[in-house]
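For clarity, chains are labelled A, B, C, D, E and F in written order, and residue numbers in each chain start from 1.
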């Protein structure tokens, strides 16, 4: 369908990324007021005419996660009732992506619930990056553009040189993704073998499946949260006599003790994207931030003009 | 339909109220784990079999509002996927009730959005109390039991005696509700006449429509938030030579400067319900809390057994 | 989205208004046949190609209410199956607006039901005027443009002069709306205080809250039906020594004994809009009809072109 | 599913049939108030507790068709919001059954629309009799019990004796149904051959396909409306020297000039069911009314108890 | 709505028809890969950008019916997830059209089910030809263009001359359609009178209703399957001394013993359309195939450009 | 909810499994007729009353996959229209499970499509075993019981003894599942490292990540199809000097050249479940079939009685 004017709005979660996107698109950011009433109720008001417009709302998932999600849903509702032509939720870090299956009795599948919430609020489509599991695409009945930061990460490491390196999956669940990165870099990969002990809550890293001795290791995961898991992986890699260690993830949650832990790790470099905001105080000297701004902006442009997105990854 | 076992669960918003309800029903509280992961994602796990059960989840809206709402939605999803027979969300203070219409361009109707979120998450029915506008009932396509605390409030004031009293609506929007309370108490009512000044954001109380001079005034509103509006109402009532002043509301938000302001007001008594938790430090000496526990418990019992709820208000 | 040709059709409820709208838009009325078969089944046939067109159907609610509503639903179904690009129901007087909440046990919320009927029939959006309660907007998940005739009414009374006037709400439920009109006119307002007597069906007007003595009174309500309520309001205003009395409403139902009653009332003027047709025999000498034609036509034009509607009310 | 108490309610369309059904079921009719407000809005209030009940609402389609349909929809909404366990619409004559296909450009399929209206209002299932086309069953996604009066009609004619009789279909569209009745009676059938003349609106009966000379003819149609079509059929049968002529239909609309016309026809007998009410003044001496009361009541009983309906027609 | 580029794709059921359509439209066939994995799972991949495009997928129903249907559903899903602007399923022979009603207890209405499957897969509209019953249009809530081959058939027979001919309906269910063809040809029609014998499964042709003696007969049905029914019709026509016999249908299933049977029948000519592919070996000397290619192509063109389809049949 | 009688029906895909289940449950198999008409349309008729019954339909996915899926959908539709109380699709091998994500541009997510098809046909819940990815659970909004055969497999291998064994994942995508089996057996695991060569369609096994030398290897995958992938895994295991080799899968597709290939492999044993039928001729001497009959029957029993399913896996 031919579409109305392209308009980009931003929630409060990641204004810097929204600004970067608007700058790439040479578009002013759409005008909106967002605040909380004294009863802690979130309020959104769109302050310019958006009838028939092709609206993109940039809102990533980061703490406070539920506030950011509800703000996005409310923003979508406001746009829908204001007769926007089409509403695309641009969610670089998808909320609740790790709650993607019932692996215990009587637990929710919140990643599916979120897809329903976005749809019922009125989103017409979604753009996101590096879902914890690619199957989450199937949680949506509306079209979803699932981008990946792997090519940006691979390009970065290729520039550094890939000789004598190995990609590390911190657990069995991540092997599929790690293999894809290893393919892009034409590198081997290895897996940290973790087992639950008698007590359900404790996980033990039993060793590494694959060769790391004397090699530089690139640990890759979709998200780094408290750094507890990373700590164990780094320490077992050192035990197994890996050389330089790089840690890399798309979604840098870096919550709680993460920064303190990372400071103490023998990490050559921590490479992340800006799918979530990283406050200045968390920006350690060995932190490299790869920007997703152009990728997202170019995607928005192509979605607006009906051009191929897959062509971006060739 | 004949139903499975009645089971009551509680979110984390108001455990005391849930306990009170369970005690009335002589039922143990259902077992569940609720916490946040280190990436700030809420998690709920139901820890007992609920297949075919008639599940009631107690979760009111209070700060942090979005956390409590998402927790409720996730709880419902978990129950739904665990094959609960029927799921009733018991939400004494309905979230976003004041966002019930588009009174400005391009704003959301979040109270309707919330009804959709509850429904899509899998709620089969909802129980709530004193909605900001009774029309919110029509936002639902699933059955909703809309209770009122007015009878409990009226009973309380009747016991005190109603001679020479008048009920006060703090604004035009609340007159409809105030009239209903005045009817129960067989009292006259009056309205504070507020007007917006040139600047849209400032509201001026121009006076009172109706007679208050020499009378005891019962100010009634559905919610008291920062107390700013109440402050103006009390002061204008004093100007107009009202005698004793009572303030009364169903939903005691009491946020920000509320307690400090109320302390300084010449209030004879502040009468509220426990639709929201009131921490000990907010319990001023002139605060009276009327409990909704029996009303909610009795309603749950009747919903479970298919007995009339309206009979409760005769 | 860019849209196909604008086409305006009319149901049988209010052809004059449709003609006025078409004349403003400089568009011929769309061709359609509408009649009842001998088995009393309504039939609609659209007699020109409407594939991809931006269709607006003008159909207000007036007696016979159910015939007019079903005719509208059937018209929408015909347009949908004929592949109209977009279908907007233009319903100046929204049917069943007063059935907007459950204020008794086991009653319907027909205003919500109507929103579902319109949506399931295939309406993409709705335009309406002065809903009995603005919350009815939230009954819709499709976009709704809620216009108001208050500015037209206010302009009319401003031209007459507003000195020494007061706006009257005939009951507590209407205060919110009356306050908005009073604001536009910068006038005070007062309320008729009604109470139900022992018997549920009898309502007694106990007096007036606010000052009317020696003032000209403008009674404002969304709808005047049999005039019974108006009769009581006028008589109590006279008791309270109001001077000139104006009655004013958006939706002039004027059913049953209305005209006879109004003839006998000491009304200076009855001011209404043409949201419903008023047959010649009901046009009393003191009746003033303010036309909504331009407002509706301009709204249709803006909806078609994606221009702001709220700008119309500034 | 095991079900709550069986409760039968009646709309205002056909109280006699409802009474007959209740009498068969030995159940009192459910208490409800149904009336129109002075603004012509239909109102329904259920006056007894129906929580969890297995509710059947008897409402046929007859003039005023749209009033009866809206009343049914509103009744269903009231029951749904009152937490009925299951709601079955019992609609002996299905409204708009003849609007079952698009046989011209840009017309509605109102029979499908009605199925959507019933479903969105909250009906869980439908019981109806002798749909104009059996495919209308497929318009529903909810279960529908499609009964037929053919067995009752066949039994009646069998008692009279079937020798030298022929069943007549008044047009090509009805042959399928007529064949079924002919099968039950083990009789031949014939068809009136009608053609549209140059002008689309005029239909000419060209003759009869099949043998009628010297035979008694039983004309069978689902509905007799103004009797105009019947008039032509009778006259052509007479031309072709048929002997005694019986006319028979399930749904006796008998509108407009029907009774006057029928009075003048050389009809031995007019046999109909009471799927619609027949006022006393339309009960001509040669009219026979076969009651559907027991069939409907027995069906309701079986639906309530989960017993086979098809067994009724063996 | 204004639309993106017109693109035509083909499933594997009838590539010749798709080629014919593309040739008429002067459009290359859209690129796609369709195959089955070794686990017998169908796979579809669209091999060109279709964002915003106006996509038409040509897929008729023919053996293997379920494979062709699932392939179509999967194709639609792929297009939907690839952000097609609009998806039209072009299904000349509608699958399961004969399963259009419950004429026995506890059977499906698969034609309705298919409409739901197409809709849930993401089809925005459907184009089909000569449905077994026109009421199947009402199984859809999305727009459906129901074409007919009757005009093409009528034109063919008119060219041959219509003197002394009669159109034959092979059973009561087909009379309605046969009458429409007879009208176009201005011919009389007759019906084969079939009855079920004691045993439900055996059908006996008792004779013919109407005159065929000495006339040329054109047997018309929507579908010819094994030819068993046709065999009986031809033989009874011969008994009744019809002269030349033509058989004609829209959908030439011609399965199992059909060709062998037809070879042996005294048929002057078998006239069918190419709504289904007819392999070379089934093309008997007396077979005439009338192409639907231009009709379908012209319809697609008009649907794309928003022009009237009904105008094609005037 | 309390439920009607438990009734088990079987599609035509796997009658032996259905018989086994019925035998465990001590229930006769429900009566139904299933066949194809001569036009290749599938037909299902339920031959006993199922009103209000708790119906379970056993139908696995195996070739012909689309026939079996459509048969299941049609069966569900028949049950739904026959007023079944609840319908559970028991689908041991879920169709299209491997089409669970968009890993190329413009491909379908057929596993999600299938979940929609089942839901729209009227399934109330689903029981399945060892989904290719556990996230497929999230494709459903209706409750799904996801069982696993891993415990049955683990028990079988434990009985054989687990000393000096290693579990092998044939590719990166299967590691997650293999780890779970390895955990149950308390064994290490290893992964076959495959890479796509320049040409997208060729996959090369580069080696094994982890230690297999001198160990017995248990290759585990969810499905074995043509055996081509297994062939490569076995050969690389032999190269790496593994000792005895066991191949094991839940879903034994064994299509095309599978049996010939397996015959030639140095396999100690091929262990599979009966989630799909295995014809006699495919039953090689080294084939072991573990039955899922009791697991499924016990699950059905518990679902019917509202008992915990997770308790089965403790």
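Annotations for the structure displayed:
Following the convention adopted for this analysis, a residue touches a chain if its C-beta (ideal position, glycine included) is under 8 Å from a C-beta of that chain, and two chains touch if they have at least 3 such contacts.
Model, not experiment: these values are computed from the prediction.
Of all chains in the assembly, those touching chain A and also chain B are C, F.
Of the two chain pairs examined here, C-D and A-E, the one linked by more C-beta pairs in contact is C-D. Its interface matching that of D-E in over half of the contact pairs by residue number, A-F stands out among A-F, A-B or D-F. As a whole-number value, the distance joining the C-alpha centres of chain C and chain E reads 50 Å. Once the centre of each chain is set as its mean CA position, chain C and chain F turn out to be 61 Å apart. For chain B, the set of residues touching two or more other chains reads 1-3, 81-82, 102, 104-106, 109, 112, 116, 137, 141, 308. Across the assembly, chains come into contact as A-B, A-C, A-E, A-F, B-C, B-D, B-F, C-D, C-E, D-E, D-F, E-F.
Listing the residues of chain E that touch chain A in their complex gives 1-4, 49, 51-53, 80-83, 85-86, 122. Within the complex formed with chain D, the residues of chain C that make contact are 37-47, 50, 62-67, 69-71, 73-75, 77-79, 81-82, 95-96, 98-99, 102, 104-110, 112-113, 116-117, 120-121, 223, 225-226, 228, 253, 255-256. Taken in their complex, chain B has these residues touching chain D: 1-3, 125, 137, 141, 143-145, 302-303, 306-308, 311. Residues 100-106, 109, 111-112, 116, 133-139, 141, 146, 172-173, 175-176, 178-179, 183, 188-191, 193, 195-196, 206, 209-210, 308-310 of chain C are the ones that touch chain B when the two sit in their complex.
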